[in-house]
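Next up, some structures in structure tokens.
Here chain A shows up in two complexes: once beside chain B, once beside chain C.
Moving on, here comes the complex of A and B:
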């Protein structure tokens, strides 16, 4: 099922947002990336600087970092500020990288508190900025065994066509054991990145051929989507193939693993996978199983937009597919394939083939500046919290910037200096995502969910 | 074995639980009224932790004499014994307790949040568990469950070993020897089966000796070591929560709730079993009690 969206790109660089640190740093990041890719960086800088005097002043120091011959019109004070600003940004980037590296380290939980770099789309007028910040929480909850896994990879790779960053977020809910979901956490992003690079190269070649032949049938947007879908489909298939070789000890090997745990790997071990790729102004979601991705659109009161559809065996089209494959859906404490598995698609689960397939359903959605956040979560949360409640809670958490009063674990800072305020504001987005994820998690536990709970909240708005 | 000393240790522990609960409840009331400093609350928490540690220390010494007694204590009700894990409270139960406590008041706060009445305060439940604390609690939960499972596996192995050497070979050997003697006795006495069977039973009753004692003592010693390690895990989990993750106020609330739960379940189950015992006594008297006394080894 392809979900169509009527959203259109709206320039995000209005005057109110310009003063924020994230917004101010965007042209710098864009210039840096573009400079690496094309020697015409200074030319683009000139074009981008065309609108508005404030933009001219802001971008000129950035351009001078890369231009071999800085403009003689720069005053000494401008040069000085140019020298200072890059240092601050480099320090922030270093912090960002450190945080990203630390995020996946936890074996049982993966709170992410690093902000992905804002994306910039090359346009003649003010550049489009698509912010991405995220937080996640993964809990065993009332279960003794933790079979969920979360994968957070902002800036996973860049899209070959224009160098835009691609951000990867995934939630994987294992069953019958944790090693398939662990495999997804550890390898899905790598495999998808490889496939995106491959599809990117193919895309460039086809675009070149189309331009050479003067074909009018070329549609950049449609071709990009085709490439992303193909990359995700192949990524899922490759990880599913690996799952058949995955041992309970975590090793993926052919011939089969010879460790003491090898014999314990049964055929009904698998995992859901809901994956979101964020690139420029588009959200690409691939789902397999009954975890879910929901887009929270603004303003308050706007209904949530499901970006995935749960693969339940009693979903009419899934049931038809299962029965066409010679299988049966049996009600056994819920609708189950062969009375065993409560979902119709999953990675792994060799013994339930051919009914249970690992092919993802993929949606591509246009972002709008009104979008609040994206929520990926396992059914441990969705079973007890509706899309509406989840979106309303997340929206409120992201909008209310004040930390809880007398937070014992927060670094206590009294009055921050003017410069510090900007830094704090720039970093505030990440804790808000974590607070949103943790509030949803504790609400799910409070509502007595009996499953693991894994939640990723991706903030899609600039926050002050 | 001196069962009275074991029961005395337990009674001391219960008295400590009751006194500790009173102290914690007073501290909680003072905190709510704004009359208690964090330092004072921390002192109360530490006293509670020392009480747990003292009990564990006493049990360690007594369990060296007879660890088996603590696994199904005759001084506890059957209900109390049914929820024991390796002689005490299951450590992961503490985390479950905390999850439920932290959920109190949350729905109401979320309603306020969604209704725009929260003034920007993010709901954290009545206990005020923060996001960062929740992450740490989940992490502790996973570690605790992992260690619990390891100790449970060791108990399972120990119990399965009962059907292995050294006990089973002794049983099989004695059985064969007794059968042989039965055959010889039967031949000598001219097929007097009744007398032979009585002699066989007497032989079994007198079978206890150094070899058997050694086997049983080995089992008891292993149980004793498990009890000590289980107590260490109980202590570690409670201490991590009360002194490393929670604030003093939160720790006071959690510890008070834990003691309250323990004492309530104990009182309720004792009351029910006392009533059941009275009923049984009445039934026994009217029906005519069976006076046969089962011989014990």
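Moving on, here comes the complex of A and C:
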């Protein structure tokens, strides 16, 4: 069985900005620096704080958008119109800065580089400069049962602070049966979206309180990350709680399901979960189990950056945690918790508690314009393909300038961009991600992986 | 609750007191003669369900998946289910084996004894032999069941006796916990619970 899908989400349709966005990184870096140094910065912050109540209201439609291909546009309203105004002003400022910055070339580079660290604190960079395109492929491989699942939800919801789109991608590798990974595929994004809406409302309230008290301790960046981490942690916990009630037929219910499959014991059925949230210039990855997320940085030859760490029972800190919980790691065709399960964290697996937990480890990584792509995959791929090889293969596929004439798969998600340039880029990007995922899957099968293989490739560059 | 009753591994400190009932059953029904390279152990589980419900699950040699969480499905060879019958058990994914071929050694519906021996498969449990017995008891004034399971098995290369016992006990504890859940659920669902002597 083979399942594949591809799609593009390139927010915004600003024709004026596209040539800039597609060009070298320097102008963008300078734009960010200039914007931060603008005296009007505090004014913008005050303006952003004012529409708080309307943003809270805007969370409601975002939280309810659970369809596989949600529309990125909200219904028009006066609050929406007023909320847009700060962004429009910001847009005009950026356009103006472009004109100014293009003139002096050489001398400006050094100050930009010297201020690399403060630059990381840039706030509210326009979403247009952070493109997202994606493709995925899953194969049963030599296993007769397909227990992997993939979840692709670009524009899942918007972040309360500034309305930025939040993109959700996940890979779930089931074991002992498929219904826990299927549950993750079907419900994880919904639950995470609910928790993000909740955390977003809390974030706005705390920001207002901080501004009102004149507190200097408020750090927008740190508070945002805290909110995203909390949303993901709660999302994982809620899905794990559902797994305990999940029947092999797919129903999640109390009292117990009474279908013919209900007799099948679910005590040792579980799933990994590696989830990536892309919001503005940040990659947020939550991982539970031994699937993996890897960031391919450019140019060619740059080492890949692991965004997750595999939860294997013989990882020193995991082994210590297991033993502290009263368990043991025994070698039995590999290191296993109780000699039974080859990973130390998973959703489900009720009978292996308390040693096997469902708490995700979360990383937050700042994107750079050099980033090539993000790869999420199950251990069926990573067991036989190193991070380096995976990144090189993906990079070559994505850089290929000869895409097929027609899209083999209809793209999902994302609004219809107005700009012709974006439309062209969107059409070309989809098959490259799909081709990268497909080539990696075939390579894994060729290297005789014994497991299911599921791969998501997210292109992080505008490619012409 | 799961407890351990002393075998050759001398886990006397874990003995669960029950007016001598358990130790008597173990002495009479759970005899294993482990060799030097083998380990053995015995586990007990108290289940709040009548003995006939528990026994019906335990004795289902052809359907171990009804209560064993490690089993995906099972095929019994031949038409007649009797002592000497073989079953091919397919194990769920993600676990340290994929198949196990098992022989029915004992099946006594009067004394409630089931004996099974592993005779093939890709697990590492050579010469594994187990005995399960179920016994009526009273828990909180209601009909309950005492389940005792004992085993003997070769210690695989690369593992210690202690590790091997720990692993097999972990599997049996999962099985017994699941047996308790399933049979207690059946007890709740059944309209009446006949009184057993």
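Just so it is clear, the second predicted complex is superposed on the first by the 312 of 464 C-alpha atoms of A that agree within 3 Å, B and C clash if a C-alpha of one lies under 4 Å from a C-alpha of the other, contacts with A are read in each partner's own complex, and residues count from 1 in each chain.
In the analysis below, a residue touches a chain if its C-beta (ideal position, glycine included) is under 8 Å from a C-beta of that chain, and two chains touch if they have at least 3 such contacts.
Source: prediction; values computed, not measured.
Student: With the two structures laid over each other on chain A, which partner does A:230 touch: chain B (first), chain C (second), both, or neither?
Tutor: neither
Student: Now for A:244: first (chain B), second (chain C), both, or neither, which partner does it touch?
Tutor: Neither: A:244 stays clear of chain B and chain C.
Student: Who does A:269 touch here: chain B (first), chain C (second), both, or neither?
Tutor: The second partner, chain C, only.
Student: Would you sort A:140 into first (chain B), second (chain C), both or neither based on which partner it touches?
Tutor: Only chain B is touched by A:140; chain C is not.
Student: Considering only the touch criterion stated at the top, classify A:332 as touching first (chain B), second (chain C), both, or neither.
Tutor: second
Student: After superposition on the shared chain, which partner residues are touched by A:431: those of chain B (first), chain C (second), both, or neither?
Tutor: A:431 contacts chain B only, not chain C.
Student: If you tally the residues of chain A touched by each partner, is the higher count for chain B or for chain C?
Tutor: B
Student: Would you sort A:341 into first (chain B), second (chain C), both or neither based on which partner it touches?
Tutor: second
Student: Where on chain A do the contacts from chain B and from chain C line up?
Tutor: 145
Student: Considering the complex alone, what residue numbers of chain B touch chain A?
Tutor: 92, 96, 99, 102-103, 106-107, 110, 113-114, 118, 120-125, 128-135, 138-139, 141-142, 145, 149, 247
Student: Could you please specify the touching residues of chain A with respect to chain B in the complex?
Tutor: Where chain A meets chain B, its residues are 106-109, 111, 137-142, 144-146, 389, 392-393, 396-397, 400-405, 407-410, 431, 434-435, 437-439, 441-443, 445-446.
Student: Show which residues of chain C lie in contact with chain A when the two form their complex.
Tutor: 65-72, 92-97, 124, 158-159, 163, 166-167, 170-171, 174, 177-178, 181-182, 185
Student: Hey, which residues of chain A end up touching chain C in the complex?
Tutor: Touch list, chain A to chain C: 143, 145, 147, 174-177, 256, 263-270, 328, 330-334, 336, 338-342, 351-352.
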